[in-house]
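Two complexes, one shared chain (chain A), two partners (chain B, chain C).
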Partner chain A sequence: MRNALAIARRELQAYFVSPIAYVVTAAFLLVSGYLFAAILLLSQEATLRYLFGNLTTILLFVAPLLTMRLLAEEQRSGTLELLLTSPVQDWEVVLGKWLASLGLFAGIMLLTGYYPLILWRYGNPDWGPVLTGYGGVLLLGGTLLALGTLTSALTSNQIVAAVLGVGLSVLTWLIDALSQFTGPPVSGVFDYLALSTHFYDFLRGIVDTKDVVYYASVIVVTLFLATRVLETRRWR
Partner chain B sequence: MRARIHSIATYLVYAGLLALIIGLGLYLVTRQFNTVVEVLLGLGLVLIGLFIVARPEQVKQALTGRTARYGGSATLMSVTLIGILVLVNFLGNRHHKRFDLTASKEYSLSPQTIQILAELKEPVDITAFFTASYYYRQEADDLITEYLYHTNKLNYRVIDPELQPGVARQYGITRDGTMLFQQGDRRQEVYYPDEKSITTAILKVTQAETKTIYFITGHKEHDPEGTGQGSYSTVRQALLDENYQVSTLNLATITDTVPVDAAALIVAAPQIPFSDKEAETLRAYLDGGGKVMFLTDPTLPNVLGNDYLAKWGFRLRDDMVVDPVNAFFGDYLTPLVSRYPYSTITKDLGGLSSFFPVARSIEPMAELPDGAITNRLIETGQNSWGETDLQNRQLSNDKSADAQGPLVLGISAERTDSGGRLVVFGDSDFAANEVLNTVSGALGNKDLFLNAVNWLTEEEILISISSKPADVRQITPLTGIQQRLILYSSIGIMPLVVIVAGAWVWWNRR
Partner chain C sequence: MIEVENLTKYYGNLAAIRNLNFRVEQGEILGFLGPNGAGKTTTMRILSGYMPPSAGAARVAGFDVFADSLEVRRRIGYMPETVPLYPEMSVGSYLDFMARIRGVSDRKTRVKAAMEACHITDKADTVIGKLSKGYRQRVGLAQALVHDPEVLILDEPTIGLDPKQIIEVRELIKELGHERTIILSTHILPEAQQTCDRVLIINEGEIVAEGTSRQLTDRLARGTLLHVQVAQPGQEVIEALRRVPGVLGVAPENGGVYGVTCAQGQDCRATIATTVVNGGWGLLELHSVEMSLEDIFLKLTAEEATTPMDDQQTEEGRSHHA
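Here is the complex of A and B:
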């Protein structure tokens, strides 16, 4: 575990000198700031609910951009062999990389803290839903970053990793649409599998343990699969 | 032969896989296991079988080689982990906890509803008939989600009547947004998804016996079965919708007591006085713990008598209420009420106005007799008065003779000794067809009447559930400068901070 944290720290430092991280962060904040202001001025409501609802769609495309480099670049430059042959477990590499991306993402969300400050200045927001909204965005973001880490493990090309990540994220987000074509109990399974259906309660100010269990499970499975993919390099 | 097969074995396996894929694809699309599918699948298996026969050493290597061993173990581990997590999620889905962090507990059910759900013994089927465009669809789903969280005795399903018109017809549903509650042969329809309606419906379909409301007849009362302007068929239907049975009763036919199954009696403005014996029957019923709603109008006989009513803590005045300020469309004799004194019956009527064409006032006694509890239900405005000079066509507020506003038009009373309950209205037309059917249903008249009946029949758990409005928090109105400040700062500040930080890092590393 300590190794994973060391890798995470190293990877976070790499983010700080990576132009892509700055560009992606700035672009994301630009879009979210615009959405926040537009929604606030139109609705006149002291809530972040609608903002979070819109941000999720953007996250589907932004999260893979944050993770595309993680393992793909190591494979391209050949440094992955060094990492894998060092006395570090494969899962520690994957976990560390994912933690780094999560740290960066948390930092970005910290910068959006400017929005609730405005709400507080000009209104009396209900802090419960603001809190659960942030919690939900972090859980969903963590899940999307895990999916991106997996696709980054699959290829040595960053662009391919990003595109695969977007595809996988959007598919997992929308898979509940399949429930329209199937009857119960299969439709219930599709509804349950979708990333989107578990986000709704967080927006409203409700925390349901089953949503937390779902996101945590997807993160665990995805990071586990990413580790297995790295492992194949040993025997492929 | 064998050599020939050996040389084309690679093509055979590809052809075999292709046949399998096409066969499976056909089956998935058509969902029919017909000859073509069977042949394709069979062919695929045969071709792959040929490959195995032709190149056993290659197959053996693929199955036992290094790749297979490692790959197999990786697959096995993955399948095991996914299996465990599926189980965890299955259990997590069944035994979950919900935490409502909104300040007003906006999405939490009331304790009464939770208690009713906990006491459910038999399952209740809820069938919602929602078209795709039904406006309250999400609201209904969200609310039912909260109900399902507290019980596993509810079966909820949604039918789109446009996609499955047959089902809607089978259940006799014609209105989009209808939720049908069923248990056994009892059914209850709900048209708007709020907690009170849904809990009421659940309670009604699970209650074994239905309560009977008797309308007293024989003295030119409002007729619950008639269809005329003055009759009470609309409230009768509303009572039936609430799963009450409605019947009529002529007190003169009663030799002993009121029928034992009577949940409440309604005396709707008799125009002919009761005989002594009839009045005595009614009073005896009340004194024995009976429940009565008595509606009357100016100049009509007070069949219970003021001496008797005093026992309950109020009297009826012989006047006619005039309210020049809060008048319904300028009719001074039709007081309009939109703020109600607090009571179990009126507390969820806030904002719904009700009006009372030609009413007399009720005088609550300053000192209540022992054992009586009263609650004012309706009060007119400050400027109203009770006109006692009914001969004079000119309305004038004679402060020495006329009671001064606010005047009580409706009152509920109960006796703590007998448990009897009495609701008296100084007006009877407010619940008549002509008022309920001609004026928009948003008015509170019908709810007032139904709530009073519910209170009489002790459905108090239903009355006390109120719908929570959405907690919308507006920001203070913004000036133009503030709007632009918010817009530019939200868009600009944070991205600028990031870009400047990036440039600084780049400059230092250059």
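Here is the complex of A and C:
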């Protein structure tokens, strides 16, 4: 675990010297700020519910941009050989990488903290849904970042990792659409598997343990898979 | 310190190394010598715990490289051929990170010591991406040293350096070898001769020769090769050179150049010079030819095919590749 934190720390520092992190952060804040203002002016409601609903779509594309570098770049530059010949478990490498991306994402979300402050200054927001909304976005973000970490482990090309990441994210987000073509009980499986169906309760201020467990399980399973992918690197 | 038994590694159907067997004693500097693709890097990657062998076993300090990989990795400092560095980090913070993931407790002291050993203390705050090739190589060496490992595995540590840097790195390795076990790979024969206590020659995944560099040269050099260039070549030059005492054979090449093989332990340069000058053929050049790795391989592979070789064949083999 100590090693994972060391790797996460280094990766976070690397984020701040790479232009990608700044560009992605700036673009994300620009778009979300625009959405926040537009939604607020149109709806005249002191809520972040609609904003969060829209942000998820953007996240599907932004998260893979934050993770594409993580393992792909290490493989391309050969530094992975350094990590894999150090007394570090493979899962610690994967976990560290994911934690770094999560840290950056949490930082970005922190920068959106002035939205609720504005709502509070000029209106009377319901704090419950605001807080659970942030919680849901972090959980969903963490899951998308895990998926991105997995695709980054698969290739040594950052662009390929990003494209695969977007594909995998969108697919897991929309997979519940398949439930419309199948009857129960299969449709229930697709509904359960989709990232989207577990998200909306958070926006209503409801924290359902089932949803939290779902996201946590997807994160664990995905990071486990990423670890196995990394292990197979050794056998090639 | 290091024991390797029947080590074999396949990439698909291709055997990168086959049944390697060797030992390295504590405090010894062992050189892997071989052309590119001989299996040097594969062997080192297995020893460093990067990849498992297909068959056979390797132990470092008594720990199996596959079963006790973490224990092995704790005891090894490994510098891969393409030195893996994070270009955006400063030298100091890079070494600090490497020390951290190797569980070094007094990181400040160790990082400082590693930088001092590799003479990069003045570059501590420089960003790695801005360093010259020679400095990067030294940073790579410093990261291999930062956790004070018992064993150092260095893959082509002097590749791509200028002559001055090469000498510095060799000196550094020799210094480090006083208290550590070192395996280094190279395809430069003099490097192996100068730096290593013992040399393993690998070709096509197999050990073809082993011994101290002295033993190897004695075994391989059946004679010394001289290059003689004269202004007026001709049949009488060849005949005169053949009559010089100690000369085993003469092979004419283009441009009045003759490859002359002398018996081992005899220096016939003075006599050859006198002969050519007295004959009035005009001595333009006379120098002895260092046996290159290529020659050694030709010899070793040829030796396996046709033992024993006669001198005429040796001569021809050499003159083609000198």
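Methods note: the second predicted complex is superposed on the first by the 236 of 236 C-alpha atoms of A that agree within 3 Å, B and C clash if a C-alpha of one lies under 4 Å from a C-alpha of the other, contacts with A are read in each partner's own complex, and residues count from 1 in each chain.
Operating definition for what follows: a contact is a pair of C-beta atoms (placed from the backbone, for glycine too) under 8 Å apart; a residue touches a chain by one contact, two chains touch by 3 or more.
Keep in mind that what you see is a predicted model, and the values were worked out from it rather than measured.
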| item | value |
| --- | --- |
| Fit-or-clash call for chain B and chain C when the two complexes are aligned on chain A | fit |
| Following superposition on chain A: angle at chain A, chain B versus chain C, Cα, nearest 10° | 160 |
| Winner by number of chain A residues touched, once chain B and chain C are compared | B |
| Partner chain(s) touched by A:Leu178 [first = chain B, second = chain C, both, neither] | neither |
| Which of chain B and chain C A:Leu83 touches, first, second, both or neither | second |
| Touching partner for A:Tyr115 - first (chain B), second (chain C), both, neither | first |
| Partner chain in contact with A:Lys210 - chain B first, chain C second, else both or neither | first |
| Chain B versus chain C as contact partner of A:Val17, first or second or both or neither | both |
| Chain B versus chain C as contact partner of A:Ile7, first or second or both or neither | second |
| Overlay on shared chain A, then closest C-alpha pair between chain B and chain C (Å) | 6 |
| On chain A, positions contacted by chain B and by chain C | 17, 234-236 |
| Parts of chain B lying in touch with chain A, wherever the complex brings them together | 66-67, 70-71, 74, 77-78, 81-82, 85, 88-89, 92-93, 96-104, 106-107, 142, 471-478, 482-483, 486-487, 489-495, 497-499, 501-502, 505-506, 509 |
| Interfacial residue positions of chain C with respect to chain A in the complex | 11, 45, 48-52, 70, 73-74, 76, 78, 80, 82, 84-89, 93, 97-98, 100-103, 143 |
| Chain A - residues contacting chain B, complex | 16-17, 19, 22-23, 25-27, 29-30, 33-34, 36-38, 40-41, 44-47, 111-112, 114-115, 118-119, 122-129, 131-132, 192, 201, 204-210, 213-214, 217, 220-221, 224-225, 228, 231-232, 234-236 |
| In the complex with chain C, residue positions of chain A that touch it | 2-3, 6-7, 10, 13-14, 17-18, 77-89, 234-236 |
